[in-house]
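Dumping the structure here so I can ask a few things about it.
Order as written gives the chain letters A, B, C and D; numbering starts at 1 within each chain.
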Amino acid sequence: MANLTLVQAINLALIQEMERDDRIILLGEDIGRNGGVFRVTEGLYKRFGAERVVDTPLAESGIVGTSIGLAMAGLRPVPEIQFEGFLAPAFDQICTHAARMRSRTRGALTVPLTLRVPVGGGIHAPELHSDSPEAFFAHQPGIKVVMPASPYDAKGLLISAIRDPDPVIFFEPKRLYRAFREEVPEDEYTIPLGKARVVTEGDELTIISWGAPVVQCMNAIESSGKSIELIDLRTIDPLDTQTIVNSARKTGRVVIVHEAPKNCGLGAEIASRIMEHCFLYLEAPIQRVTGFDTTMPYYKMELEYLPEAERIGKAIEEVAAY
Amino acid sequence: MPARTVFTASIESVSILDEHGRFDAQLGADLIPDEDVIKLYEAMTVSRQFDQIAFKLQRSGRMGTYPENRGQEAASLGTAYALNNDDWLVPCYRENTGLFWRGLPMEYILLHWMGDERGNQIPAELCITPLAIPIGTQLLHAAGLAWACKYRKEDRLACTFFGDGATSEGDFHEAMNFAANLDLPVIFLCQNNGWAISVPTKIQCSAPTLAQRGLAYGMESIQCDGNDIFAVVKVVKEAARRAREEHRPTFIEAVTYRLGDHTTADDARRYRDEAEVQLWMQRDPLVRLRNYLTERKLWNSTKEEALQTKAKEQVNAAAKRAEEIAATPTSEIFDAMYAEIPDEVRRQRDTMRTSSLGQEQRGIEASPAPSVEETV
Amino acid sequence: MANLTLVQAINLALIQEMERDDRIILLGEDIGRNGGVFRVTEGLYKRFGAERVVDTPLAESGIVGTSIGLAMAGLRPVPEIQFEGFLAPAFDQICTHAARMRSRTRGALTVPLTLRVPVGGGIHAPELHSDSPEAFFAHQPGIKVVMPASPYDAKGLLISAIRDPDPVIFFEPKRLYRAFREEVPEDEYTIPLGKARVVTEGDELTIISWGAPVVQCMNAIESSGKSIELIDLRTIDPLDTQTIVNSARKTGRVVIVHEAPKNCGLGAEIASRIMEHCFLYLEAPIQRVTGFDTTMPYYKMELEYLPEAERIGKAIEEVAAY
Amino acid sequence: MPARTVFTASIESVSILDEHGRFDAQLGADLIPDEDVIKLYEAMTVSRQFDQIAFKLQRSGRMGTYPENRGQEAASLGTAYALNNDDWLVPCYRENTGLFWRGLPMEYILLHWMGDERGNQIPAELCITPLAIPIGTQLLHAAGLAWACKYRKEDRLACTFFGDGATSEGDFHEAMNFAANLDLPVIFLCQNNGWAISVPTKIQCSAPTLAQRGLAYGMESIQCDGNDIFAVVKVVKEAARRAREEHRPTFIEAVTYRLGDHTTADDARRYRDEAEVQLWMQRDPLVRLRNYLTERKLWNSTKEEALQTKAKEQVNAAAKRAEEIAATPTSEIFDAMYAEIPDEVRRQRDTMRTSSLGQEQRGIEASPAPSVEETV
């Protein structure tokens, strides 16, 4: 056991998996000598050499597209996209190929890659370094989407993602990279993809979130004084409908919290599923506390945009009082 | 503006058996044994026959859109011939001839165009990726496949095919650049057939050659007569050597021509001159090879007749297999998505016939409260 | 008045707008001499010349990216992407620039382009020629998304889109291109963006759809024998929440129909908004009849995937009986 | 392999005032009047001062990440000098010097890095697009802007700036290709500063020059010493002539070096040798120009001191304006989205302070049944 930040937990998971399986290759911009702009791959270049930790040309479609080729050949590439805003130039390779190759070939070719991507706002970064694009990829069938909210989960989920036989986007909330430390076992362990985590149990109200806002939710719950069940999705696609539904049926009141814009965000999907499965249990409309339907503003105003504890607190009150 | 020269380059073009039947004995020496030339001619003939029958299948409503390969047989065939059987072939959709040479059963291509994914379920030992529909995207896969060969220290390479139009896509550039800078054993084989649907090559590239695209990456680049199977074999062999021995990529522009419409959904008369087509008819790779064999007394009309009959039989048999393949259950749409089917997808699969949405409102049953697996 | 197909209606709108405003330039693959692969731009090359109807290199990011430049300079480019599957390589320019330029520059630079894109399944086309990606773009703030379901609407909406001072994606349902004819006035007219159309009024149940499935919905309604209100969104973003809410409050029962995959599709957003605004009015859970959470299959099985009238009919029954 | 040569090309490199102070009197004749050379030197100095003060603002927590321009002043400055004031400048983020020359008030750049969109609200008459954060994407906008100039028959061009790293992106390729094939008046000015964050240029391009990238498109392409403002002015003037007279694009590789870290978030010591930095210190464009002026008796230490004082004042005044700018109301996030705010966005704006979501459950009131506007 060691007390690790999320960055360190991911670094440890990468080291352990790479030692275990030499099919794993890391590739991306500045991940080698420099150890990544967030230092997530620190030390790996030295440890595993230039053949397994590869600084690529500055080209995101190239990074994902060659990773697809590597994966189709049976390797286990773990590409990095430096910031979520730069997933967009790789969108075609992700949605057109990584997500479709297995169904297109009826399993003759598969794409077991894990695409690591720092995500989200709150670190005073420039434009396109603070977005939350997870719903785009949830809408695309064929690719899994994971987002840990703690160092412990990060390690276990990343190992599962790397071992998964299908492509996974592994979002790493920047705001949590060094926000807190947690006991993380030295030994390898996995956390199954597709399973949410009940962070706190409660019976008055359910909050569903993922990534950095989970911490904001915990703060909001603490100051609410209510018995609230907090679900951290951990995996965004496939969604753990069962855990969500169990809780919604128990509490009848649900708040969903995410950073991405509201319109067609994942919150809409979760709310719809709850309605489909828990219609007669619901005591209040499901409330979504989200980023607004605007561009993520430059950082001076980013805290107005992000779902901070205060805004979540209001939703708790409103839904509880309905 | 007088200044220091820091780089010079040139692009060569290779031709061995030209459109007038002239054979460059020096370049062509010991290149392809006669018995292989005959086999290659037979392969071209079968492929040409395949086009005809596929065309008819489409016109009679038994198959969807189909892109004829007619006139371009030499480029993919010569390439497949020059490579090893475990080299990756990463095609676009005008490489039937080469894929058949590698051993792909013809019904795979038909199934693909019949709207059946099983056409892409290509046996692993053939080392062929599926026909690429989104233009230019497969080049990156070839780079990645080649990278894997190199990483594993295998004596293999990847060869990808694409058209002149594809060289305008960003992915073309990124693939060429990755291959050149990471030293990957890839062959980029561009079939410049003059057109991208209705758009002539000069709108894709106003430079005198497409081959010079490779200069941007310091990549060995060469042009060849793509309707001359000897020239194709020659340049691909050299590219393969470079890939194997030096892990260096090569860009090849094979100059050819699409004798048919872009696909069966197209009408090329809307945008190109009949005179141009006539000109290229004279350069037909199949006719050229037949003349060559005939002049060398290696071929005659009896053999030709027998071949035509055999080709027709072969293709018809493949068409029959493709048409008569058993339907797959709809559940395959769902089962094919992941190694392990997720709950919601399974629910959609299991209820699609009984429920409007493929999901029952009450599909999820009350269950014991979830366990708190790991709390912070 | 002329009896026109959807293709002809769009062609007419383009001609009339181009004659009216020489800032309009069309660009795309095969739109010139060839008149577009669906013949939507037939005759325009000849009529307006090679400077205003431009066959571009085969590069979707290039088409959208240069259109952004043209638009920032004050022109009114109307680029075409040949099939919706090839929006993916242009995703970055659309979401990173077209959608953000106005907010990024606080209005100093704007991007009044109209991106025409054939969309959807049902025409036995190859892979990536039958998808329904509208929800991706609805989730991206800053760009409007329009999809007509009839020749009349197509003309009026396209004119509005072209005149709109902000970027618009104009999806043209392939399946309807020549499916039926309709009286379309010669004279120019506009249909406001952001306003849904109530196709049939009813009070037992509401169906909400857009694009090609609207026709399937009409068939399903006819055979249901029920009094059903059918709403054709026409504009997907911004969504006409008011019209939707009015109807849902009246009927209390709602079915949403779309071709795109269900997970994080637009159906989820509509269902969530209805729940937020009509919670106490709802008599049944909102039902979504959609494409499945799988790759759009190759055409042999596409009709199993698409929301055909039979599947819609089942939803009507289930929701009505709840 | 002997064959016919179908294309030859070479790349030239231009240098006028070299790092040893040697001036090529022939190439440099009548290029820049002395009084302008002085102004250009002053502009470089102000920009260098700007870097220092911006750096301090970042380090003291008064500004976010900032990319120093230090060492690269000549390339953008020479370009802006050589162009007309109504030519579009389409920058990346290391062109402060050129943008200031054009007339951009310095506080715009500061506001941008302070996380304030008003830094991008650039007055239209300056013909400058905002700093581009996503690498390589702005090149296409330049092509489009140039296209609009040509379409309108204006005597204008667009010049876009980008780094060596940007030349690896697909958008670079598509922009170059559009410009070459559609004959657009664009100047592509690549600042090859040796690094893309920690990645050296050879990983972006293993060819001997970046300039040869242009050969792929049949585009006029040239290299120049990017730390030599005379060379920059010379090649840009020629490129501008080509754009105006022939509507042909030009690719320019300006060889330079980033003397500072990539940004204030970077620590370049992790990946590059101090010796390399020292080498390039000798080639500093600002020092080079000061030496040139001093040797020609056009400059002295008194002038230098006065300039330094003035520069500091100017930049400090800009910093003060940037820091003291009034806050915008949060409503601007919403109002800035569209020409006309949509209902739902307005609802979010109007309720963001009073409701958890920025939307009240009951924000939509019952209303008369919607009219059936148009039915089929």
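General observations
Everything that follows uses one rule, which is that a contact is a pair of C-beta atoms (placed from the backbone, for glycine too) under 8 Å apart; a residue touches a chain by one contact, two chains touch by 3 or more.
Every value quoted in this text rests on a predicted model; they were computed, and no experiment measured them.
Annotation of chain A and chain B: jointly contacted by C, D, touch as defined at the top.
Ranked by separation of Cα centres from chain C, the top chain is D. Remark: among chain pairs B-C and C-D, C-D carries the greater number of C-beta contacts.
Chain A and chain C, compared by their mean Cα positions, are separated by 30 Å.
With centres set at the average Cα position, the gap from chain C to chain D is 37 Å. Between chain B and chain D, the centres computed from C-alpha atoms are 41 Å apart. Across the assembly, chain A contributes residues 56-57, 59, 61-62, 85, 88-89, 92, 96, 103-104, 127-128, 141-142, 239, 263, 276, 279, 285, 287-288, 292-295, 297 that each touch 2 or more other chains.
Among the residues of chain D, those touching two or more other chains are numbered 117, 134, 168-171, 174, 177, 181, 203-204, 332-333, 336-337, 344-345, 361. Against chain C, the residues of chain D that register as touching in their complex are 88, 117-118, 120-124, 129-130, 134, 137, 139-149, 151, 158, 170-171, 174-175, 177-178, 181-182, 332-333, 336-339, 342-345, 359, 361-364, 366-367, 369-376.
The touching residues of chain D, when paired with chain B in their complex, are 1-15, 26-27, 168-174, 177, 180-181, 202-209, 211-218, 222-223, 234-235, 238. By the touch criterion stated above, chain B contacts chain C in their complex at residues 64-65, 112-117, 133-136, 165-166, 168-171, 196-199, 203-204, 265-266, 270-271, 327-328, 330, 333-334, 336-337, 344-345, 348-349, 352, 355-358, 361.
Interface of chain A with chain B (complex): residues 25, 51, 54, 56-57, 59, 61-62, 64-75, 77, 89, 92-93, 96-97, 102-110, 141-142, 144, 150, 152-153, 156, 164-166, 182, 191, 194-201, 238-239, 241-243, 245-247, 249-250, 276-277, 279. Residue ranges of chain C in contact with chain B, taken from their complex: 29-30, 32-35, 37, 55-62, 85-86, 88-89, 124-129, 255, 262-263, 285, 287-290, 292-295, 297-302, 304-305, 311-318, 322.
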